[in-house]
């Protein structure tokens, strides 16, 4: 589904990604692991088009997307749950969800019931302004909002950050549910190792803007990867 | 080839561009005409145009640039009084000549300035006389923009009206800011003031931009000239070009020139102007005539003095005569003001004025008003007394001081 | 004195009317009419005045037509033969006296128009006005009665009474009664009781003219009448005190609507998008010039639509200003998102360029935008008079406001606009085509500013400086109301308008405005984020 | 000392605090007391009011009712943010907020405990002691290598660390730490717990966290908030076996 | 303290240029023969002096805007107040040389029939008093206004717009003839300053040199402030106001200090401006003037001090030049300049210069760096 090949990315003159390659397949969760500041979010920014890349290739279902604008990528089925949630603060919860209608055909413009099944709190707060929600509520909204676009590729940046344990479990269930539908590829950046381990089908570990290890879920069981994440 | 440079100091941008740009064009036309006649003293004239941008300190700066940098022989320019005040010290310091073409508040006479617009006694007082005599006006609204020209003019008029026995309660004075655009309250106040049964008129010294919304409100609130006539001192053909004048027919203006005056000179002037601007509908107005007179006087003075040197021209100018466009001959007086006819016109529905009264003789411009306590003893005479503020009481030059 | 002349004219007129009322006029001898007509050719206002008087006195058969032609500037004379002619609406020349077609020879001569001045115009009005007491249209009769109420001309009494006797229409009857009362009130020889009753009737009219009638009684009026008049004055003044407040508030709403119209486009480009749009005023100006051009085009090519030209100018102004807005957004503003302060610099530059562009193309002077017939004049209710164009502006401002409100709150475009302005990057990732939304939003704000230009062309100068005179007020309104809140803009505009008009009567226009500005500065201390501040952590986020 | 009729030895005492936003009760008659040198962990569902509570303590939000007393003598509900900070209450926000245009080093410098008035600040010179302290703090939060970078260029987690460093620099008596472990790796989380325990030797600490491993690591008394008031309080084991806590917070 | 040097390269160059101007321009104007190509013509001296006064205003504005984040759209008011204080002194120096020859009352008072000098004109015949007022009046107004606004936490555009309302209200007030400041005409026709004729070339040269020194002095003062720890606090406030509060800084006090200082500098600039241009009138309070000052700062480079001064100089020199050579087109040139500056020079002229000459701050990154590569894709920003 998604293939990232040899991608580099700069902030001014500082290089955040150096020849990173990763792939994600439909019906699988690909986990990106790594310590703070190694470039995990930068990789997702490259995939979603929030930041231009300076080298390499990104393709989605064989189609090159690295030259496309974020909204064109969204139209092709890329949905993004950013780190820091980035809720539209003055829009109500309902309106936040409805922003996901933009890339959809008119007939598809409804909020899938899944969203409210996964995050019932959203249903009870439809009329409240997004910015007024608590941190965890916003995180749920951000995931819900991404799902409204019916993505083919769901990109999540630390979605458990600031979320209460029961809902982390719910999110885990949600991700598994989405994966099991088999149509969606999921890229998950996660620091919370146990959570990642539970969900990942495949993973990469990053260090200083490079992929230093990758493999499938089994490899996570050893202490190897855990070690890499320590100082 | 050596030329004589003429400075043109009129705002081409900013709030005053609306009035002053025309004067710049008029000067260009006059200079072109003169060059066709062979120039002055055998030299061609070369206009130097700058844009002081309706910015008063910039006027002074540009004046300095024209005189010291461009070495112009004479400057034609300014519209607002504050712009004139701003450039005055420059003209005095650098000893050059300014022709100022706009009606103003008086209370000034400078050696380096020649005032070709009307002083209050050449505009305001005759207008009030007309209204009293012809329309039997007994109650007066003096409405003006809050600056020195309306303030002074109204002070003079107030004194004059009281002199004529008008009671204080029959005078309403009202000031508004520049560019005032919401006239509802004031127009309705005027209406109230005028509904006591005594014939009421408005004397308007409202300036520039504020006039259009004022007249529109007047028209819409149904104040017709037959009910409460408005006589204006700052509204000419140019200003009316922006208004639908049908509801305003009969309101008045007092000037020293109207485009509609039917004389051969005026006809020729209008034709030349419309040809020059390539616009058969382009109107003429009073300050343009003032520049016409001023420019021709300067040409004559230069020829008389045989030089364009300011000192010589300044000395040569008093006494110079120039036919104006309305059929008389204006003369430069020793006080650097000129004699002018006073015309009262009523607005017609085509945006022109119908002259309803014209003074028989030309009225000499009075630099110092006889109706203000501070200046009634003052007199300007740059020929005999070489003084702009001679005190006839003390017999000394230098204002009221002893 | 002129006043006497005037009286004379009216007097003669009324005698004529009395004759008219008395029965069929006796066939007039040719002489007085010829006499009168000849005076027109003297080209002196005094003589013209007398001519009118003479025509009325002689009940000239063609009088009404002559007067009409005269006020329309279609009464001509031949200076040589002193023949007076009427040029009828079709341009054909007829003899004034008879209405017969004029001989060819006369038509070829250099004819002059009979000139009018205010005094002559007044006589003319009185002359045609007196005829109006008999007019078939009751509105005209009411107008004539009102005029007499105003002048309180005693000689008009018989005519009034005659008219009253025949009058069927209730409101016309009332107007005639009032006019009659006004005359009787001032009459020394009327019985005291009648005069007291008259004072009550006059007082019931309750306007400025009534006040004048009650106040200007002759010196030797009996005390009882005086008392009644004074009571009337007091009651009117009490009412007028209330009416004054009503008037000030009404004017305030009207001023507020102008401010609202001027500000509402800015509420989008600045309030919603965050662009410190110094070129907003120029968008208003472009709208006004678009109106001017539309009117000119319609006048020249489809004169049939002239009455509707202002309405047609609305879409034109919207599209023109909107297109300029889109152009500015695409070429300048789009590079500046996230750098709001820099938009100030760039749009200031754009504003200078637009001003000069308009000045270069249309010249620096005012352009005339006409007020259509149906927007001219004013209505009076309860002693407050409001002009039609102001009423139209109030309604128009409200319509624009609510349409915009609906657009932003109820359509998907509105949602996208708000999403983009709150978080452009995230909006893009949600699939919103941000460049398109930006261009549309800025275009919308500019287009609405252009529409404001259509309205402002009705009350202000159409000149290159038009925009400059509204920009400061517009920002003040948007900020005072609370940035990003359309309701705030509405309430802000109206409250500034009303406060301004309530202050103006006793502080004057200049001081009133100063007080208002200081009040706004102090008010912002209480509400540092405007009248309708958004609250909560959503805002701080 | 008594404020609002209370007598207490607690460093921080909240009594009957309620906060309402447009009719929604974010805090509902919340009462809580923190002793000097106590560390307290606060847990509770998203939206329980944990952050709002911190807002009340730091003067950002004014409660509709109730009092918040610090050191038995200061009513925090009457003071503004700066005065509260001056009293010795420091805060780390849920989403990291640092001075993005300043360097990492200057961020710490600005947070150092010094005279905060404008004129002393204008004339202040950096002392040797200050310099050493900055070095030590940077070392502690592992940002020595980034000391000259602009804080805005840091990654999310690095900003978290920087903010903790700034908090330490203030030497507060009471630290309010909102989700310090969010976005950190397990190792970093453990490290943070160590740091907080160390701080708690000299100051009081209130930590909000959803990471139960971390909370267990801290080994302190736990308060669970729910719908704006205290649902359960005690050791983590006790609280985490509470039926209601499991139901609304931990999940099964 | 290595990274914030009190004077950086640009600052040194700036000071050197300003001080050189202070010495060379008067010298060249007074000493060299007019036909020498090095001679600075008479009319250039007050013109350059005006630019320097504007540069000082821009400097003051940059202090509050660039460093404190307060976008004042009313700084012209402080400039004008300083100017009026100086103008009042100059008016009093006219003495009996006015057109009415009244030894006490300025002409405009005689002409409105005033008989007595209003109380607020008292004392202005003393130079030291006027000088004090030049600083105190703008300072006091800024202090009162700022005290209200900052205490109430009025920020952002709300603050900008009320500063604009302030200057607008002052403009209307000074327009009123009843206020006693000469109405629309303002104060003009000055004769002497400290006994020297204002129109004398020597006085002009001295005023110019004084302005240059004042500019250099204000630059040093501003530079000292922004490089101090207070400067850092102020920048912190600009970028994260509420965060600063939670650390314990009284934001309102800091803003007040900087705002008042800036207003005083603006006042001094106004006082130096007036004798050189020869008029002060209410249009100096016009909101557009204050906006223009903001634009000078933006053109030169906000938050750089040197840039602000440079911007003021460049824009005004451009204006002088354009209004002379392109009298009916110059707005296109100036407007275009503003648009292009914003688009092409986001950091202003100073940003361009530092970029060109590589005077940029070194950026130390933990990861090895490579030269910036061109972006392959250009997503929406």
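So that you can tell them apart, the chains are marked A, B, C, D and E in the order they are listed, and the count of residues begins at 1 in each.
In the analysis below, contacts are C-beta pairs under 8 Å (C-beta built on N, C-alpha and C of every residue); 3 or more make two chains touch, one makes a residue touch a chain.
Everything quoted here is computed from the prediction, not taken from an experiment.
Engineer: Along the graph of touching chains, what's the shortest path length in steps from subunit B to subunit C?
Structural biologist: Step count on the best path from subunit B to subunit C: 1.
Engineer: To get from subunit B to subunit E along touching chains, fewest steps?
Structural biologist: Graph distance in the chain contact network comes out at 1.
Engineer: Taking the mean of all protein CA atoms as the centre, name the chain whose own CA mean is closest to it.
Structural biologist: The most central chain, going by mean C-alpha position, is E.
Engineer: When contacts are scored as defined above, which chain pair ends up with more C-beta pairs, A-C or C-E?
Structural biologist: The greater number of contacts lies at C-E.
Engineer: Quick one: report the Å distance separating subunit A from subunit B, using the average Cα coordinate of each chain.
Structural biologist: Those two chain centres are 75 Å apart.
Engineer: Roughly how many whole angstrom separate the Cα centroids of subunit C and subunit D?
Structural biologist: Comparing mean C-alpha positions, subunit D is 65 Å from subunit C.
Engineer: Can you compute the centre-to-centre distance for subunit D and subunit E, using the mean CA position of each chain? Integer Å is fine.
Structural biologist: It comes to 44 Å between the two C-alpha centres.
Engineer: Give the residues of subunit D touching no fewer than two other chains, as numbers and ranges.
Structural biologist: As it turns out, subunit D has residues touching two or more other chains at 21.
Engineer: For subunit A, give me the residues that contact two or more of the other chains.
Structural biologist: 14, 49-50, 69-71, 132
Engineer: Where in subunit C do residues touch two or more of the other chains?
Structural biologist: Residue numbers touching two or more other chains: 355-356, 425, 428, 434, 468, 510, 513, 536.
Engineer: Can you list the subunit C residues touching subunit B in their complex?
Structural biologist: Counting only subunit C, the residues touching subunit B are 1-3, 45, 73, 115-119, 121-122, 125, 208-209, 211-213, 215-216, 247-248, 251, 254-255, 258, 355-356, 359, 363-371, 376-378, 385, 387-390, 458-465, 468-469, 500-501, 504-505, 508-510, 513.
Engineer: Please output the residues of subunit B touching subunit C within their complex, sorted ascending.
Structural biologist: Against subunit C, the touching part of subunit B is residues 12-15, 17-18, 21-22, 133-136, 146, 174-177, 179-182, 184-186, 188-189, 191-192, 195-197, 209, 212-213, 216-217, 219-222, 225-226, 229, 238-239, 241-244, 247, 250, 252, 346, 349, 354, 356.
Engineer: Which of the residues in subunit D come into contact with subunit A in the complex?
Structural biologist: 21, 24, 43-48, 50-51, 94-95, 153-158, 160-161, 179, 182-188, 191, 210-212, 248-252
Engineer: For subunit C, which residues are in contact with subunit A within the complex?
Structural biologist: The contact residues of subunit C facing subunit A are 412, 415-416, 418-419, 422-423, 425-434, 484, 534, 536-539, 541.
Engineer: So in the complex, which bits of subunit E are touching subunit B?
Structural biologist: 41-43, 46-47, 50, 96-103, 108, 110-113, 172, 175-177, 183-186, 188-190, 199, 277-279, 281, 283, 320, 323-324, 327-328, 330-331
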